[in-house]
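You will see two complexes here that share chain A, one where it goes with chain B and one where it goes with chain C.
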Partner chain A sequence: MSHTVVVVGGNRIPFAKAGGPYARASNHDMLTAAIDGLVARAGLAGERLGEVAGGAVLKHPGDFNLTREAVLSSALAPETPACDLQQACATGLETTMYLANKIALGQLTNGIAAGVDSTSDAPISVSDPLRRILLKASRARSAQERIAAFAKIRPGHLAPQAPSVAEPRTGLSMGEHQALTTVRWEIDRTSQDELAAASHHRLAAAWDRGFFDDLVTPYLGVTRDAVLRPDTSVERLATLRPAFGGPDGTMTAGNSTPLSDGAAAVLLASEEWAAAHHLTPWAKVVDAEVAAVDHPGGADLLLAPVGATGRLLARQGLTVEDIDLFEIHEAFASTVLATLKAWQDPEYCASLDLDGPIGECPPEKLNVTGSSLAAGHPFAATGARIVPTLAKLLHERGPGTRGLISVCAAGGQGVVAILEAV
Partner chain B sequence: MGRDVETLEALPPMGAAFARALVPSRAREARIPAHAVRVDGVVQDLDRLADYSRVCGYTLRDTVPATWIHVLTFPLHVALLGDRRSSVRLVGAVHATNTMTLLRPVRATERLALQVHVENLRPHARGAMLDLVGRAEVDGEAVWDGVSTYLATGMEAPGAAAAGVEREPWEPVQPIARWRLPAHLGRDYRRVSQDPNLIHTSRVAARAFGFARPIIHGMWTHARALAAVEGRIPAAHRADAAFLKPVLLPGTVGLAVSPNAEGLRLAVTTKDGVKPHVLLGVHPAR
Partner chain C sequence: MSALEKAFYSPVGRKVAAKAGLHEPPRLRRGREFPAGAIVLAPLGTSTLVADTLALLGRAHEAPVVDSGEDAPGYGDRIGALVVDATDVRTVAELEALRAVLRPAVRGIERSGRIVVVARPATGSDWEADAVARALDGINRTVGKELRGGATANLVYAGPGVAPGDLVSTLGFLLQGRSAFVDGQTWRVAPGGAPASRLEERPLEGRICVVTGAARGIGAAIARTLARDGATIVAVDIPAAGEALAAVANEVGGTALQLDITGDDAGARIAEHVAARGARIHAMVHNAGITRDKMLVNTDAARWASVLDVNLAAEMRINAVLLDPATEGGMAADGRIVGVASTSGLAGNKGQTNYAASKAGVAGLVAAMAPDLASRGITANAVAPGFIETEMTAKIPFVQREIFRRANSLSQGGNPIDVAETIGYLCDPASQGVTGQVIRVCGQNMVGA
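Showing the complex of A and B:
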């Protein structure tokens, strides 16, 4: 990499539960709000940026140019180009790496990486047979042909199709897949509830100390993450009924992320551009790795980041002891716990062709300002929430401190990245 | 300025005034009320704001469009033009020009005090002109003001008709956008604006006022044009609009955008760009 890429800022809107305060906001609205807040804070109004990369997992067909349209609605110069990327829940981290790589190569000097998702304003589509009939009718050359096409519509075709978070190849939801992993890795209920409670308490503490003052902009009257329950406890979480894994399941609505609405954005730059714009670099982007597991061959759907973590650390000549902070996306509490167990499992790591186990993550270094269980998880936005959060945390700790981000994604994929304070 | 202020309990002020505003006046002589109407503590309805934003093409933001505040003051226009002391009625009055200034960004969560009065009744070649002057405040701070000039066709006002405002001669333009406006747009905008004027939704009412079909509200066209360039509108800005030719529904219109020394000049035109429907200027507020 010829140029050092630094994270110089970030902005998101507070996240909220689906059907909550952002029920009427679209992906376009929320992404524009996240970008505009970042532009205002960094003093970039009217500037032509190198590129904006964003994406959403649940996307309306009309939003094919979602990010470009958000740029045009934002205070950025209309000459700022944009592109849409999507890698399920890793989208916000993948857009970060896409721009970081371009900046490293000298193709750009700056850019905004972003992600957004609305599960409230999710697209509803028509059934596949009805869609085929409508397409046939639209190609019809005569009224007769059109009527013939419409005549094939059956009542069953008319049920609208809501987007699902089920894996296309297995029909199992993310939670159901994770329930299999939870059993396989023997993750108990109490550990999950403890992790969830800690996430809420740490996020609440971070809000209380003003940590998010320069990372979040209020939107539609929401000033703090609306999912956050500062007063939750292990005891209270223990009363919830299982949501996944059957009646004996250990995964509940309390230790799983809720469907969420929100958007987040990261400002990336070369060191020179940051200096010229009087922006303080928080951390540099060191390296990243994307990985996938054998799905649906029986591998744990959400453990793909484990292999990426091992390979990335080895490539950088680092061990977990060299990492000061870990940000492991809390898709489910048990995902984090299974990941940490897998890191220490010699057999599992050997099966990934790693040179021995990755090692142990001290709990006090993990998700120190909470993560998705407390903040919420608007799929594509999560990576772009974590990157500036970690960069700022590392900056607080001083130059040379390192952080690792691990994000699992649908389809048995994952992205892992390392940041280092400058 | 010593103007009496009638404070209303809430928006919209329903009742007799509302009904009267919708009945065309038979009076020849234009009379306007001398008092102002005011309503305090207006909570902006986020659902309606979201709906308004969709209908007009705005991004739903934490801060609201200037045209939205105009819409919030509109029930006060109705109250004044339905008042017994007014011989000018909302129905039959033509919105000729509109000027508004957003003095600072206004959050969707801020409570507003809204006040409107009528002034400057004057003769015009085709009737009488009058200004509805509105103002929005947050905690006593003025955040928005607007002047809506209406022409009460066929009515008389004292004085000599002033010379018409000089406009730059119109040159046909090449539109850079084409908007297809569906027949239901008038009903959609009525829902979000609460402007009950039937010429926007009823073919019969439109005919009675000399239009072949319902016409879209001038303030929709105004809002839609601003929404098309929303990323370039300064945080504090002034927007001047002249409504020259009504847009019939359903219909197709064009938009031309040209930057000038002061800001942006927008023209909503016939789809071929030959005739203007609405001309707009947007520039930073001073």
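Showing the complex of A and C:
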């Protein structure tokens, strides 16, 4: 029943800041482009794949079948089934695990896991009272009833409601939540700016060495991540004003991810299918763990992956010393820094029922080709960006090398996965 | 489109232009269509080489009308093609027989018809025969210029020992619409490995063909045409062109390889990509190229170097890797290397010293490679496009463009597919005897050799 699942390729479009070059591109357009680039790279035009799993965090009501519709627009055979999944910022990693599990079980031999988000083309909805009036009017049996319904509309009802990134149970935005964590874990400004600068420099270096030649396909004339600032520096970042945590806050626009647009896709397969399709396996999917914290009860919103990491390593009989590369999603620089502190904190790890602290992550093994601070973070796409990046990095380092992915998500959740080069 | 161009192509503009002598150019026959009218075969001796080749092509033929010097006789219906077997012609006197079959044919040929002369090349041992071989070239070029309505004339030198099966792909290409924009040209066919027994519809079935610069224009047309002929395409272009490249690769059911051909690892990455598919390369088509036009007095070292590196040096580096028999995913035995030269390279072109150097260099390169690769059955050839209608040439100012367009025997620009079809012919396994040649796809451009 258990088949080895391998990552055999990936593709994304360059990510861009909201309101930038993709301002007029929809989730459908971007997801289709990401899939088509992957299909071209792997030579799968016209093929019926096992399944495509994708998702978006910000979704228009009309996009209920977003991924299936993207498949129909793509070069894949129209008989390729698809489904939408959503787990906030961990969506792209969760779609990966959904398909990996099916392949491991033998239900599929291959599939594409994907994620997409457009904060430029975010859905705007109407207020609840207006929505109720409109629904009532649509059910009206006579013109009189309809006029009566419309007569109840008040000016206040007409304000459009943009999607909010605030947590429904605390009313705090993600940045404000992270600001609390930043203070609690005593993360200083300089460390955050250093991490942000390193992310930009490492991502730029990876682009320069052609690392993304077989991971990214240009889109709408954008050939590199548009968020990337190769010439940024700690000094320059130090001049920015705080964006979260009040006037004394340490989190700025420079050490927080910007709202972004983009899409990413991963090609997953059984070893047999990969061989039959002449595709080189980069890494196998070893295992994954999902976790949540009680953030309404005061827990750190974005540290849920810590518990998942501890439990996953323990289940696999591994320690951090067995991991060659770490990919920790940079929601904010301070999220990564707080996560690394938490890994080493005996008290915090004990509170998660872990057998002692997780351990230390050497900085040279962390996000070696940069991460979300430099690339951007189109929510659902990030996991599908990281999986092929890490798989290729591990493949370059040779069989047996392991990598760990840690992605935090809204709602106090997190997903962690381990890949191993084959 | 400029106001002038719009006016020129308006109904009134077309009438005015026609009065001024700028007639609508003929619409060319393209694709795998043979001529509609009869194929006339004129053997000028006892040779049956061309007759036997036509038999392999499955084409019936008729006897020629011969000009006897009195009232010039003609054909009743228009003929589709005149194919002349001149392989026995050795003397100046014998050229009269060629004139006598050409005269009625030139008058009676259909639109997009074909005149093909097959002759022996110069041997260096018979002064008169060598003079006559060259005379045929002069006749061919002149007939090409006199033919109207999109008809073309071409000359094939069939070397000693050439069998009908060695000639079948060449004669098939020349008679069919695939050679629409090849006019007034001369090239050689030598005996190949195993002569073909017929003209294949999909000669590249199951073979891997790598095309650089495949994202747009001529490169995309090459990918589509070779795929139509059965090839599995590896479409290569620079990473920045990846979006268009992916669309081409998906359209032809091939794979996209984003790659800068000037990178040191370019050859190795192409080979690795092919090796992963458990295969070797049947054809390597070096189509990628750039221009950095400036008059020589304004050409600095950077403009000079970039054009020579992309258009010539990169191609040589990639060939070196792919031709190493130890390279997994390298060139297959009986493989095909095709370079893209340019009439600008062969004839020279103002403001393009760097480009001309690189493109003439491609012509020199394939000529040098061909004899060295012959023992492995690998051929090396080049095509030299003239004015081809692409996004690149669409940027030339209208009046200048219209002059370039009309300055050839067919009075029009070629299409990307015309270049692609010629490359497809060179990549055909049946074209084993064609190597070291440069075929111009220029509608017999008025400039150049």
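Note that in this section the second predicted complex is superposed on the first by the 421 of 422 C-alpha atoms of A that agree within 3 Å, B and C clash if a C-alpha of one lies under 4 Å from a C-alpha of the other, contacts with A are read in each partner's own complex, and residues count from 1 in each chain.
FYI, contacts are C-beta pairs under 8 Å (C-beta built on N, C-alpha and C of every residue); 3 or more make two chains touch, one makes a residue touch a chain.
It should be emphasised that the depicted structure is a prediction, and the values quoted were computed from it without experimental measurement.
Kindly say whether there is room for both chain B and chain C on chain A in the superposition, answering fit or clash.
When both complexes are placed onto chain A, chain B and chain C end up clashing with one another.
Between chain B (first) and chain C (second), which, if any, makes contact with A:T280: first, second, both or neither?
A:T280 contacts chain C only, not chain B.
In the overlay, answer first, second, both or neither for which of chain B and chain C A:A42 touches.
Second partner only, chain C.
Identify the partner contact of A:S73: answer first if only chain B is touched, second if only chain C is, both if each is, neither if none is.
So A:S73 only meets chain B here.
Quick one: is A:D29 in contact with chain B, with chain C, with both, or with neither? Answer first, second, both or neither.
first
With both complexes superposed on chain A, which partner does A:P218 reach: first (chain B), second (chain C), both or neither?
both
Look at A:G210 in the shared chain and tell me whether it touches chain B only, chain C only, both, or neither; answer first, second, both or neither.
In the superposition, A:G210 touches chain C alone.
Out of 186-194, 222-230, 312-320 or 384-392, where does chain C collide with chain B after the chain A superposition?
Stretch clashing with the third chain: 384-392.
Which chain A residues are contacted by chain C in one complex and by chain B in the other?
Chain A residues touching both partners: 33, 36, 75, 217-220.
For chain B, which residues count as touching chain A in their complex?
46-47, 50-51, 53, 59-62, 108-109, 230-232
Under the definition above, what is the set of chain C residues touching chain A in their complex?
Going through chain C, the ones touching chain A are 235, 239-243, 245-247, 249-260, 263, 276-278.
In the complex of these two chains, what residues of chain A are touching chain C?
For chain A paired with chain C, touching residues are 33, 36-37, 39-43, 45-46, 75, 210, 212-214, 216-220, 223, 278-280.
In their shared complex, at which residues does chain A touch chain B?
These residues of chain A touch chain B: 24-26, 28-29, 32-33, 36, 71-76, 78, 217-221.
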